[in-house]
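Presented below are the structures under discussion, each in the form of structure tokens.
Okay, so chain A shows up in both of these, paired with chain B first and chain C after.
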Partner chain A sequence: MKRLVEGNEAVFLGALKAGATFFAGYPITPSSEILALAAEHAARDHGFKFIQSEDEIAAANAIIGASLAGAKSFTATSGPGFSLVQEAIGYAHQAEVPTVFVNVQRVGPATGMPTMPAQQDILQTKYGSSGDYYPLVFYPNSVEECYRYAITAFNAAEESMSPVILLSDAFIGHLNEVVDLDAIEVKVVPRSRPPLGTGKRSFSGLAHDEEGNPRTADAEVYRKWLSKVKARHEEVAARYSDFKFKGNTSSDTLIISYGIVSRVIAPLDSEFALFRPIRIFPMLGPELQHYAQGYKKIVVIEANDGQYGCLVERELKREVIQVPLLGGRISLGLAKKGLSEKLGREVH
Partner chain B sequence: MFKELLKLERFPTIWCPGCGIGQIMIQLAMVMDELGLDHTNCTVISGIGCTGRLAGYMNMDSVYTLHGRTLPVAEAVKLVNPSLKVIVVSGDGDLASIGGNHLLHAVRRNPDLTVLCNNNQVYGLTGGHAGPTTPRDTRTVSSPAGSPYDPVNLQNLMKAGAKYFYAKTTVYHQVHLRHCIKEAIAWPGFAFVDITSQCIENHGRRLGFNSAYEMLLHFRKTYKRAPDGAEILGPDEIGIVRKG
Partner chain C sequence: MGKLIISGEGGQGVRVISHTLATLLASLGYEVSLLYDYDSAVRGGMSVAHLIFDKQPIDNPVIEEADILLKLSDKAKGLRAEKTIGQIGLCADEEIPFTELGIEVFGKEVFGNMIALGRLMTLMGIEVSEEELAQALPLKYREENISAVLFGYHLKEEDLERGLKSRKRRNCKNNTTQL
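And now, the complex of A and B:
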């Protein structure tokens, strides 16, 4: 049935569709609707478990416990809350625990601008915890995609045996669009690991061998483990090499943008070629290289001070023009103004 | 046999000779054996620190969590699978300092968990730093002039809940320790066992003890059984206070 759905609601409904039965969270704008929906759902359906945690740290660790106990689990947070869950994200990578973290981005650092959208956590999703890890990160730009990629995030989590991050922002999270979610066909990957109480396994944040024995001073065991985990993440990522490309043969410039910014600048397609990565990490290296080929100039427009742009530059090994949209005011006018300045000509 | 509940192939443990944690582990395994708890119906969850390593020696599914995060993990496990007996074993620093906020809220929510707290009054693994339970004026690596603060009052913290179970015991009082663990496991709610224990290598020697044995004798001399039905345990009393 077609109806008006909000981005945050679509994320929650996608999680349910994916088989999630556990949510823990701490209220924080602009992600709180997901927590409220989880609370309401738990009140109706006793198979669905909900904890309003004392802080985001507790929530992040609760979803890890829930996953080990056999539930598909998730949390949703924003801004400073996303900083607080970083340690747990690292733990889930080390202990190989599938779970989903939703981050509805707002302007930071710190308390920043709590109700204004931003894309300032891009690098934090990849590098926020200690150590080396290979996160899978998706960033939808519509209500329908919020639903779709919430499901994808759960699937990828089970396949990669690791936490997957679903990015959103204050605009996408609060965006209302008419969609028919029932009509969306998606596959759901079943739970990958037998729950606690069925074996003699040791789950831990320590470096470990194949049997789970702590191996905290053996470089060879660690290297072998990390390369295995890396290969698994690359293999899973390859199943979700999702992006949108709109070529423009009359233009010499390709604009790369994602999430809310890609929606805002969509009208520029008459003047520019547009590329939108949906799988933000691991980066779409070969795809970016392929589509950037015919274009003299590469521009990255994003609501941060060049976080993805610097990685695109590294990926393409060529100069990238950066147009930052800062302070939560994301508009086509602002993007055109930035483009005009950087390209040295009037963009209409 | 309680030994079947331990991963003997991982022995020797990482703990120093004379450490109290091994005794807690043995008593826990004996109680579990008596109650029929094993890998099919029980899980052990621990935090960071010397005590944290205990989970990995139990011959069942276990989780060695992040520092301070045993309780959020354990609460979630219990919520997802209420039929599983969930036993948390961790140190005083892990539970009462870095995990203090979770402890406060676990008391409020009263989940059905058994918590064994190895209370050695020090951060042993890091080399002997003052912790939340270090008595006032005690010299440690991080309090060379003596700890300036009174220790956290775990008994009062537990009693902040409308329903509570708080047991105080020591590694010296083995029969009492086992009794406390058994009662805690049977308690239908949040049960906290505060086990005074010895860290000879990174604490006791600095305090003037020559051996773990001397520390145990000190526990014997210091602690007396509280009268049955006592509603409050004095600082030198062992016993159980509870309200259902």
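And now, the complex of A and C:
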């Protein structure tokens, strides 16, 4: 049935659809609705477990523990909370733990502007923890996609045996749209491996061999492990090369944007070509290169000071014009103003 | 397509009004986008709802110029609209003593919001049944809220007079107290 659904609610319902049975979190605007829904759901369904922890670090480690114990698990946080969970994300990559971190972004750094939308954690999703790792990151731009990509995030987590990040922002998280969630069909990937208690197994944040035994001074074992993990992530990422492209043969400029910004600038399609990555990481390199080919100018509009733009520039090996929308003000008018300044002509 | 902005302060009911209206529009078969822009000061901080409805899918949910702006306070700055309605004293095209009518007719200031919602529905040409209205409203004070919405929907000149008189009485009373 069609009804009004909020972005954060769609994320939670998507998680349930994916088979999540454990949520741990610490309330933080603008993600708190997900925690509140999880608490309410746990009261109704005793098969679903919920912890409101003392902080985000505890929550992150709780979902890792729950995953190892056999549950599909997730947490939801924002800005400062996402900073706190970075160590746990690194651990989950090293220990190969499938779980999902939802980050409903707000303006930072630190407490920043708690209710204002931003896209300032883009680089943190890829580089926030220590060491080399290959995170899968998705960023929906509608309520329907919040539901769809919540399921996808759980699927990709099971397939890659790693923590997957689902990005959102204060606007998308609190956006209400008319959706028929029952009509959305996304295949659910089952648990990738048996839970603890089913045979002898070892998990560690230390570098380890195939059996999980610590191997902390063996470069060969480490290289083999990293290469295997990298290949697995690339293989899984290839199943989710999701993007939207709207060409414009009368334009010489391609605009790249994602999340809420891609919604706000959608009316620019009459004047520009538009590309929207949904899988933010690993970057859609071949797709970007393919669609950027026909355009003289590449512009990245994003609600941060050029975080994705610099990566697009590196990927395309050509200059990228950056239009930052800062301070929680995201509007078509501001995007047009920024474009007009950077392109040296009036954008209507 | 209709674009509507509801602006007020945290605690004034911006979310209740906008969510109720969005639910009603959804039940009428419209595509709806409702987006909240608010300050972290939950009580007294600016709170703005952007509500768009259309028969087509909606791209940009952020409104820069609304068809109608409902102002419950003037906390939020820089909002633009073709027509503004608001609580009396807020420099709107149509100023209505919503607060006073809430007290005078329904015994509580807060019902002013539902009267405003009714007025908004009239201006936007939204017609719904009482049943549909009941389904869209929160359970708490549902009957009173329905009455207040209907009152606002059918607002008459004499009702405005009643509200203005109430406002005058309250102002006089306040001034007397101060003396």
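Quick notes on this structure:
By definition in this document, the second predicted complex is superposed on the first by the 348 of 348 C-alpha atoms of A that agree within 3 Å, B and C clash if a C-alpha of one lies under 4 Å from a C-alpha of the other, contacts with A are read in each partner's own complex, and residues count from 1 in each chain.
Rule of thumb we're sticking to: a contact is a pair of C-beta atoms (placed from the backbone, for glycine too) under 8 Å apart; a residue touches a chain by one contact, two chains touch by 3 or more.
Since we're looking at a predicted model, the values are computed, not measured.
Once both complexes are superposed on chain A, the partners chain B and chain C fit side by side without clashing.
Legend: residue contacts after superposition of the two complexes on their common chain; A:Pro114 is shown touching chain C, with no touch to chain B.
Judged by the touch definition given at the top, the superposed model places A:Lys200 against chain B, while chain C stays out of reach. Look at A:Ala59: by the touch rule set out above, it reaches chain B but stays clear of chain C. Contact with chain B, but none with chain C, is seen for A:Ala69 once the two complexes are overlaid on the shared chain. Of the two partner chains placed around the shared chain by superposition, chain B is the only one that A:Ile51 touches, whereas chain C remains out of contact.
Of the two partners chain B and chain C, it is B that touches the larger number of chain A residues. In the superposition on chain A, A:Ala88 contacts chain B only, with no contact to chain C. When the two complexes are overlaid on their common chain A, residue A:Pro214 makes contact with chain B while staying clear of chain C. Rounded to the nearest 10, the superposed model shows the Cα centres of chain B and chain C diverging by 110 degrees about the centre of chain A. Taking every C-alpha atom of chain B against every C-alpha atom of chain C, the smallest gap after superposition is 27 Å. By the touch criterion given at the top, residues 7, 10, 39-43, 45, 53, 55-56, 59-66, 69, 71-77, 79-81, 84, 101-102, 104-105 of chain B touch chain A in their complex.
Put simply, chain A touches chain B in their complex at residues 21-22, 24, 49, 51, 53-55, 57-59, 61-66, 68-71, 73, 87-88, 91, 95, 195-206, 213-214. By the touch rule above, chain C contacts chain A in their complex via residues 19, 22-23, 26, 30-40, 58-62, 64. By the touch rule above, chain A contacts chain C in their complex via residues 2-4, 29, 113-115, 171, 174-178, 263-267, 330-333.
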